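After this come two complexes, each holding chain A, first together with chain B and then together with chain C.
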Partner chain A sequence: MTLDWSIVWEYREDLLHGVLLTIALTVITMIVAIPGGIILAMMRLSRSRILSTISLCFVELFRNLPLILVVYWAFYVMPIVLGIQIAAFETGLIALCLNVSAYNGETFRAGINSIREGQVNAGLALGMSRWQVMREIVIPQATRRVLPVLASTWVSLFKDTSLVSVIAVGELAHVALQIRSQTFRVMEMLTAMAVIYWLLGYPQAKLVDWIHSKFKVAE
Partner chain B sequence: MTMIAPKESGSTPSPVLIYEKVRKLYGEFVALDEVSLRVDAGEVVCLIGPSGSGKSTLLRCTNALEPISGGTIYFDGRALPSVDRDIRKVRQRMGMVFQNFELFPHKSALDNVAIGPMTVLGMPKTQARERARALLAKVNLADKVDSFPSNLSGGQQQRVAIARALAMEPEVMLFDEPTSALDPETIGEVLNVMKALAEEGMTMIVVTHEMAFARRVADRVAVFEHGTILEHGSPEQIFENPETARTRDFLSHLGWDG
Partner chain C sequence: MRPCVTAQDRATERDQRGCLLEFDFSPVVDSWRYLLDGVGISLMLSVWTMLGSLALGAAVGLGRVYGSAWLRVPLVFYIDTMRSIPVLVVLVWIYFAMPLLTGLNLSPFWSAAVALSLHIAAYVAEIIRAGIQSVREGQTRAGLALGMSTAQVVRVIVLPQALVRMLPAFGSIVSVTIKDTAIASVIAVPELLRRSETLAGQSFRPIEVFTAAMLIYFLLLVPATRLIDLLYRRVAHLGRS
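Up next is the complex of A and B:
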C-alpha cells in the first residue's frame, strides 16, 4: 500500500475551512451556553417551583441523551415540530448549545451552592437585594470555582463538535471524511484529521491544566 | 399599616430598638421565648450566655435575616417590615459584623468596604472608595487597602468587616461574636476598634464571650439562657452581684471570679 500524503496539502484550503468552522462552533456554543447555564442554574435555585422544575427537566433531558441523538433530533424533528427550515450549521449549533447549556447549568448550580450562606447574608445585611447579592457576590465567586470545570467542558465540546458532521455541517470532521470518500485516501485523511485535532486540542488541554492549578483553591 | 411602638413615659433617651415578647421557633425548638429588651441611642448592650441560648438568633432577627415567629421588633419606632424592599431599607441602617467575618474573597479590602455604598446607595466608585479609604484608616488598616482577605489575619479581616458595615453609616451596629473565630493575639485589636466606636456614641448590640469587654464597655448586659433573658442590668450588677444562681454559674464556668 502506498501512501500519498500530498493529498492533505492539496486539500489544505478545505481543511482550513473545516478547522475554522470547528472553532466557530466551539466558541459560539460556549458564548451561548455560559449565560444559558447561568440562567438554568438560577431558575433551578429560584424560589419559583415552576422555573425550578422546567430547569430540572431541561438539564436532566439533555444531559442524559447522547449528543448524536440530539443532533439528529434537531435536524429531522425540530423543523417538523417548529415548522421552520434551519441550515445545518445552525441546527448543529442548537444541538450543541442544548447539550452544553445543560452541563453548564449543573456546573453553575454546584458552583453557586458551594458559596457559603454567610456570604449571602453578608450581602443582604448591607441592604443588597437578592439579585445584587447574586450579581456582586455569588456569581463572581462561583464563576471562579467553576472555571476549571468549564475549561474541561470546553475541551470536550471542541472534540464533540465532530458529531455534527453527521448532518453535513462542514466542520473539520465532515470535510476530512468527505475528502476521504472522494479520494479513497482513508489512511492519510484519518491520520491528518487526528493530527489536526490533536494539535488544536493539546494546547487547550494544557491551558485547562493551568487553569485547574491556578484556580483550584480559591479562598 | 405601620405599628408604632408604645410610648414609654419618663424616659429621655430615645429607644433605637425595642424587642417586645419576641419569639423564634425552629420547628419545635424554641430559640427565643418572649424576649423583651430595649436598646437606647448611644447604648452598648452586650448579650452573654451559653452557646445556643438565643443571643445570635436575636441579632439575626433584628435585621430580618431570620423572620420572627411572634412578638414585635421596633426599629426607630416602627415594627420591622415584612416586605422585601422595606426590609432592605431597614438593613441599610443597621451594620452587621459576623463571627466568620464573611468578607468577599474576590474583592480587595478597599472594595469590600466600598461595595455597600456603591451597589446599595448607588454612590459613584471614586466617592465610595474615598469613604472606604477613610474607614480603613479608622480601623488602622490604611496600609492594607489593596490586600485581599486571604492575605489578611483574622483580626485584620474582622476590622475590614467592621469598616464595611460602617460604610453604610448605620444607626446601630450588630456584632455577632466578633472575636470568637480569632487567634487570641488578634482579639485585642478588634475589641479596641469596637471600644473606640462605642466611645464615639455608636449604638451597639454585641453578642460576646469576652467578659472583660462586656464589663468595661457595655452600658447594659443581658444574660441569655434557653431563649430567654435570665436577667439584665448594668455590668456592675451582672458581674459583681448577679441576681440568679444561673448567671453566677455561667460566669464561674467562664472563669469569671467577680
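Up next is the complex of A and C:
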C-alpha cells in the first residue's frame, strides 16, 4: 500500500474550516446549555409540582436517547412540526443544546443538592432570605463541585459534535469524510482526522484531569 | 439570503403542514418485525460491546494499577487517547482504514463491536482504577502483612469491595453502550436507528418513524439503568468498609 500524505496538506484549508466549525459548535452549545441547565435545575428544585415534572421529563428524555437519534429527529421532524426551515448547522446546534442542557441540568441539581440541608436551615435561622441563602451559601460551594463535572461534559460535547456530521454540517468529521470519498485516500484522511481530533482533545482531557484534582472535595 | 416569504407562501405552507401533521403510524406498525429485528441487532451489538469492553477494560485497569511503571505509560496513553477522540472517528477508522492496513475484512457488525469495545474499554479501565483505589491502602498492607500474595489480596480483599462500588458507574456504562450502538448506523450496521432511517425514507413518514425509534430507545435505556440502580441498592452495604 502506498501512502500519499500530501493530500492532508493539500486540503489544509478545508480541514481548518472544519476544525473551526467543530470549535464553534462546542463553544456555542456550552454557552446555551449552561443557562439552560441552570433553568432546568431551578425548575426541578422549585416548589411548583408542574415545573419540576416538566424539567424531570425533559432531563430524563434527553439523557436516555442516543444523541445521533436526536440529531436525525431535529433534522427530519422539527422543521415539519414547527413549520420553519432550519439550516443544517442550526439543526445540529439545537440537537446538541437539548442533549447537553439535560446533562447540565442534572449536574447543577446534584451540585445544589450536595450542600447539606443543615447549612440552608442555619442560613434561614439567621434571618437570611431563601435567595440570600442560595447566593451566599449554596452557590459558592456548589460551583466548586459543579465545575469538574462541567469540564467533563465539555470534553464529551467536543467529541459529540462529530455526530452532527450525519446531517452534513461541515465540521471536522464531515469535511474529512468528504475528502476521503472524493480522493479515495482513505487511510491518510481517516488517520489525519483521528490525529487532528487527538491534538485538539488530548490537552482538553488533561485539563479536565487537572480541574478534577484541583477541585477535589474533601469533607 | 432567504427569499422574502409572502402571506400566500405562508398559507400554502400551512396547508402542507396540515396534511403532514395528520399522523399515520401504519408504516411503523406494518414494519414492526423489521424494526424489532433492528432492536435485536442493537442489543446483540450492546452485549458483545459490553463483553469486549469489560474484558479489555479490566486488563487495562488492573495493568494500570498493579503493572510495572513501563507498562503504565502505554496504558495511560491508550486511555487518554480514547478519551480525547470521538467514537465515530474510531468506528470509521476501524471499518474503512484498518482493512487497508491489515488486509483483514470485518463485517460492519464486528467492526462496530471492535470499535465500540476499544472506545468504551478506556472508560471501564478508569472505573476499575477508581474502584480499586477507593479501597483503603491499609487493607492491602494488612493482607500483605498476613502473608497473602498480591494476587490473593486483590482477589480476596480489594476486588469484592471495589466491584460493588463500581456498580453505579457500570450502570452508566450500560446506558452509554446502548446509546453508542446507534452510531454504528453510520457504517450501515442494520440496527434500530439504521432501519428507522431506511423506513423513514421509504415511507416518507419521518415524524412517526423517528418518534417511534425515540420511544423504543427510551424504553430500552430506562429499565437498563434502573435495574442496575436497584441491584446496587440491594448490595451497597457489601461495599462499605
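Note that the second predicted complex is superposed on the first by the 209 of 219 C-alpha atoms of A that agree within 3 Å, B and C clash if a C-alpha of one lies under 4 Å from a C-alpha of the other, contacts with A are read in each partner's own complex, and residues count from 1 in each chain.
Just so we're on the same page, contacts are C-beta pairs under 8 Å (C-beta built on N, C-alpha and C of every residue); 3 or more make two chains touch, one makes a residue touch a chain.
This one's a predicted model, so the numbers in the text were calculated from it and none came from an experiment.
Applying the stated contact rule after C-alpha superposition, one finds that A:206 touches chain C and leaves chain B untouched.
When the shared chain is aligned, no partner comes close enough to touch A:7: not chain B, not chain C. Once chain A of one complex is fitted onto chain A of the other, the partner contacts of A:137 are limited to chain B, with no touch recorded for chain C.
Among chain B and chain C, the chain that touches a larger number of residues in chain A is C. In the superposed model, A:56 lies in contact with neither chain B nor chain C.
With both structures placed on the common chain, the touch criterion links A:125 to chain B but leaves chain C unconnected. The part of chain B that touches chain A in the complex is made up of residues 63, 65, 84, 88-89, 91-92, 94-96, 98, 100, 102-106, 115-116, 119-120, 150, 164-165, 168.
Chain contact summary for the complex, chain A toward chain B: residues 116, 118-119, 121-122, 124-130, 132, 136-137, 140-141, 144, 218-219.
The touching residues of chain A, counted against chain C in their complex, run 1, 60-61, 64-69, 72-73, 76-77, 80-81, 83, 85, 155, 159-163, 165-166, 173, 177, 180, 186-187, 190-191, 193-194, 197-198, 200-202, 204-206. By the touch criterion stated above, chain C contacts chain A in their complex at residues 2, 13-14, 17, 20-21, 80-81, 83-90, 92-93, 96-97, 100-101, 175, 178-183, 185-186, 193, 196-197, 200, 206-207, 210-211, 213-214, 217-218, 221-222, 225.
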